[in-house]
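Chain naming follows the written order as A, B, C and D, and within any one chain the residues start at number 1.
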Amino acid sequence: MVIVMNPKATEKDIANVTETLKCLGLGVHISKGAHVTIIGVIGNKSILAGTPLELMPGVDKIVHIMESYKLASRTFKPEPSVIRVGDVSIGGKELAIIAGPCAVESEEQLLKIARAVKKSGAQFLRGGAYKPRTSPYAFQGLEEDGYKLLAQAREETGLLIVSEVISANSVEMALKYVDVVQIGARNMQNFQLLREVGRSGCPVVLKRGLAATIEEWINAAEYIMKEGNYNIILCERGIRTYETYTRNTLDISAVPVVKQISHLPIIVDPSHGTGKWSLVEPMAMAAIAAGADGLMIEVHHDPKCALSDGPQSITPENFDRLVQRISKLAPIVDRQYNLAH
Amino acid sequence: MVIVMNPKATEKDIANVTETLKCLGLGVHISKGAHVTIIGVIGNKSILAGTPLELMPGVDKIVHIMESYKLASRTFKPEPSVIRVGDVSIGGKELAIIAGPCAVESEEQLLKIARAVKKSGAQFLRGGAYKPRTSPYAFQGLEEDGYKLLAQAREETGLLIVSEVISANSVEMALKYVDVVQIGARNMQNFQLLREVGRSGCPVVLKRGLAATIEEWINAAEYIMKEGNYNIILCERGIRTYETYTRNTLDISAVPVVKQISHLPIIVDPSHGTGKWSLVEPMAMAAIAAGADGLMIEVHHDPKCALSDGPQSITPENFDRLVQRISKLAPIVDRQYNLAH
Amino acid sequence: MVIVMNPKATEKDIANVTETLKCLGLGVHISKGAHVTIIGVIGNKSILAGTPLELMPGVDKIVHIMESYKLASRTFKPEPSVIRVGDVSIGGKELAIIAGPCAVESEEQLLKIARAVKKSGAQFLRGGAYKPRTSPYAFQGLEEDGYKLLAQAREETGLLIVSEVISANSVEMALKYVDVVQIGARNMQNFQLLREVGRSGCPVVLKRGLAATIEEWINAAEYIMKEGNYNIILCERGIRTYETYTRNTLDISAVPVVKQISHLPIIVDPSHGTGKWSLVEPMAMAAIAAGADGLMIEVHHDPKCALSDGPQSITPENFDRLVQRISKLAPIVDRQYNLAH
Amino acid sequence: MVIVMNPKATEKDIANVTETLKCLGLGVHISKGAHVTIIGVIGNKSILAGTPLELMPGVDKIVHIMESYKLASRTFKPEPSVIRVGDVSIGGKELAIIAGPCAVESEEQLLKIARAVKKSGAQFLRGGAYKPRTSPYAFQGLEEDGYKLLAQAREETGLLIVSEVISANSVEMALKYVDVVQIGARNMQNFQLLREVGRSGCPVVLKRGLAATIEEWINAAEYIMKEGNYNIILCERGIRTYETYTRNTLDISAVPVVKQISHLPIIVDPSHGTGKWSLVEPMAMAAIAAGADGLMIEVHHDPKCALSDGPQSITPENFDRLVQRISKLAPIVDRQYNLAH
């Protein structure tokens, strides 16, 4: 941490700041420039969390040098993390593909899609039992019955199940049915939920918030890790920008950035990220080419009749084509994707 | 709702769409242009929520004509709503001022600030018992003890209490102590919390989400109103933009926009909205000049030692000056602010 | 400037950086922390402009401490600048109001509006002779004939003229007719134009770019000042955000921010800033309440027939009402507005 | 175009609007819904450009159905355009790679880099003779001497030359030296420059503005095409968002979007798009995987000493590696890249 003093700061102001820091047991380096003095702070800055040094007389601004997260940082753990779910790994050489409908609608719908994505080579089935929706008048999900249908689909197909949890007190119930819990974009900073999922120890897909910086997102992972759960898969799903042609702007550059600053695996959701089925395949290709560890894709056998997010769902036929292309792309980026799961 | 057909749509495509609509009991108006055909849809469109017409052959796009909310709309209720809390009204001629520390830290701190803001003329005391924070290593609040201290401050000063709730299952507990619950920016789309607060019937301050459009924000209010609770006060607190000089960009234009499209009262929080104490007073003046019904201001007797958001807190002396100026500004915009509460 | 070294930087890396700085004649302060070493740089950093220290081995990042502009900075000139145009001042106690149509359309139109805004108390007439438009099929302005009509309106009414210049080689021509040249949002970083206007010495209204940070905007002013022209009036006109209800998001907080970091006067354009005539008056009030030195308002006697930006123009009647309200607001913020110009 | 009437619009209001439209020779379709009436407008809407129907009594809003550009639209020309420069094509099966330093600094620097990128397989050399820079104190380019050095590098290496023009009156001069002119992000809406480049007929790389929507960008191309010049290559180079970790957010989804709505070729500049050399290679791979027709890459033999944008330049060694990887990726997306140019 560096404290930049105001050009008009007095010697007394500078002494005042350095005394405060020393009293707290911190080391201090003073550097006097032609115009301003800067003070480098050495030691455990977390004890400063409640001391707004910005407000001390003569202080102009505080510049943070180190990132605010630790456990999720690449500095803390230089080798990439590989998350195990059943007999599948995420973050290693093999890519991971999670596919399925936005919302679980019925047994027939879910099983039809599950069989199709299994056949094309997906390892995970996704499906929403709870659907957070902007308007209270839109379909909100089948709730626990949705989880039950997902568990049934696992029985039949062997696919691992990924499904969203939307409140801290439903985590325990969800874990009776699913293999991986998903924390949605709207809940990325629902800290009670993060802590509860942290305590559960289960694998988590943590989606990036709609307007979250990469640093805030990794801090959300840090909340989970602080409770002892390191099984986190980050998922880029588009950020809000001024561009309205796409539903969101899929930030593919988050993939190599996360790879550089964190050891956690990262996958990409091009369905929510674009909001248009015709953009899903090219953006899925882009994500893997940029180094993503996997994909989350919305698939519906009859997008016209989907109760949620139909316009961004692709058909099983298009999904099959997409997986074929991904499997050919994989070796170009030193990955592999085995179609025979 | 208007359906715009593709320039290449066939007669069969058009017939297909109109038949689908008629089967659902909706009326249809076809308008053939030189290049494209558009289809106007008449009747209750909510039955279309699960039918993504965008995906029918020949359909180019869907244009929504009506807003997606009802109860919160000015069309639904043309006269402005006035929310009563104790013997204070929000949304009428008298402005409302909510002031206090970001976080409740101790009995001494809270009472000191409460007495000061009461003396300057505030009607409400704010203070956070739960503090959602980006980093898990920052101060997270005193929780229920914080609510108790707020209730104690009400006893002593007569100020009404506003405090945040962060999960659906803590609403009941919070209501034992507070007069108005606040839903924070990060929870604006925590739909379980919205519904629970809706069922409680208590007055609510609903903050705008960090990257929420005005329409999404009013839809969040609609979730609460759908449960029968109409006592909602909207609070603009800044949106996320590319500008980094201020913590957020305070969207003052949201004030006259909300006044035009909704009947709900709206207040402004210039403390979170700017993140800098020196900008609080000019932006508070701007908010009232634009037509806001009140203000929420962070006040701390010793901002240097505040455990949360010190840099954006003003001192009781500056708050007193601000209230004086607001009381002079009020009659210019046909409002009033009585300093002797 | 502070150089933050990587946690893995070696002693040799650090020596390498400090030697490079010393060779360039710069002073160096080294501060070794528990995890990282930081190097403070002392002296004239402009000689480093072409040396990307970020790329030297072991360097993690560069943190700039001082702003990148000088002449426009409040540190450089602590007292506010007052710009004289004819016998009117901008930036002093008296507010400045610039009003008129978006585009000059005809003699009749312009004179009608000019007389009306003069009568209501405006000191300046605005009108576009060149209209930069997103689509090449939209009305592009009367060009030099437009300037001539503006000069004619000045003859008749005594109003001072503000009009946009859109290229470096038309500045000289424009100055034959207008009192203040305007640099539009799209040209804020047209550096040839900035330099040419700088050389001309004439008063300038410099609009903020659609996605410009406040720092970039002040740097654009610096380009003009570097050529010796200090007669600059900044004009906030809304920034691009994700919110689509308003045409832009008018950043009222830019007003107090600019007042704190620069000595240049700042006015606000609520017409472009919102894109809706019904929001112009409340946002004009907000701008002045926040401390703006004046307003730029689009007025058209027949907005329905305006060839450009009709929806954001107000009628002369509404303008008169707005000016009346501004004149009442002025003393509340220690300003004045004399209606009898 | 669809006109949505207000729920309170009277029969007279509706008649008033339809009469106006009919007088202008436009066809009208009225569709009365339960709440609102909508009016479809048929015919050539460009005659409405100066008639703000939004302001007629009873009108609520105008919804545009058709895009505002024509010549650049895929509807207008369904097959993709292939731009010929010398004996190279852009937009066909073969990918195009443009590489070189951000700024031309000296003969030695330019030739060194030119030889290196030629050897690795680039077809085009880029280099800035004019450098628009945020601060007036930063290096601004060698101007005409820079163009001369580029022409000299063409002589020696056979590479085609791409370089930026920054004002309408320098286009003619630039064309004495360069093969393709570039219009930079800051000038995307410098309409005089667009028209001048349009008249010249030369191939153009048109960069997306920093905060331009895809529609505005294609409208900028339309300005050039309207003058008869169809040789346009669009270049995505990152947009401004709230995320600060990267210099801009590279919008890879613009690639498939442009491919769907326009026939013009599109390339991607991952150097400006990210601002960090370590992100250039993964984002270049992503761009090609998403369907881009080529790349523009900043290469410098000594990024540490680059006078401009060193941190985002890659070395010739890294560029060679990147081209090798692109050539392997190309067949996966039905393209080719011949390393032996």
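We take it that contacts are C-beta pairs under 8 Å (C-beta built on N, C-alpha and C of every residue); 3 or more make two chains touch, one makes a residue touch a chain.
Predicted, not measured: the structure shown is a model, and the values here were computed from it.
Asks: How short can a chain-to-chain path be from subunit A to subunit D, counted in steps between touching chains?
Replies: Minimum step count, subunit A to subunit D: 1.
Asks: Weigh A-B against B-D on C-beta contact pairs and write down the one with more.
Replies: A-B
Asks: Per the centroid of Cα atoms for each chain, what is the distance between subunit B and subunit C, given in Å?
Replies: About 31 Å separates the centre of subunit B from that of subunit C.
Asks: Using mean C-alpha positions as chain centres, tell me how far subunit B is from subunit D in Å, no decimals.
Replies: Chain centroid spacing, subunit B to subunit D, equals 39 Å.
Asks: Based only on mean CA positions, could you tell me how far subunit A sits from subunit B in angstrom?
Replies: Here subunit A and subunit B have centroids separated by 27 Å.
Asks: Could you pull out the residues of subunit C that touch at least 2 other chains?
Replies: Residue numbers touching two or more other chains: 211, 240-242, 244.
Asks: Which subunit B residues qualify as touching subunit C in the complex?
Replies: Contacts found on subunit B: 211, 213-215, 239, 241-246, 249-253, 255-257, 260, 273-274, 278-279, 282-283, 285-291, 325, 328-329, 332-333.
Asks: Per the contact definition, I'd like the list of subunit C residues that touch subunit A in the complex.
Replies: Answer in residue numbers: 2, 4, 7, 27, 29-36, 38, 40-44, 63, 65-66, 75, 211, 240-242, 244.
Asks: Mind pulling up the subunit C residues that touch subunit D in the complex?
Replies: 46, 49-56, 68-69, 132-140, 166-169, 186-187, 189-192, 210-211, 216, 219, 222-223, 226, 240, 277, 303-308, 310-311
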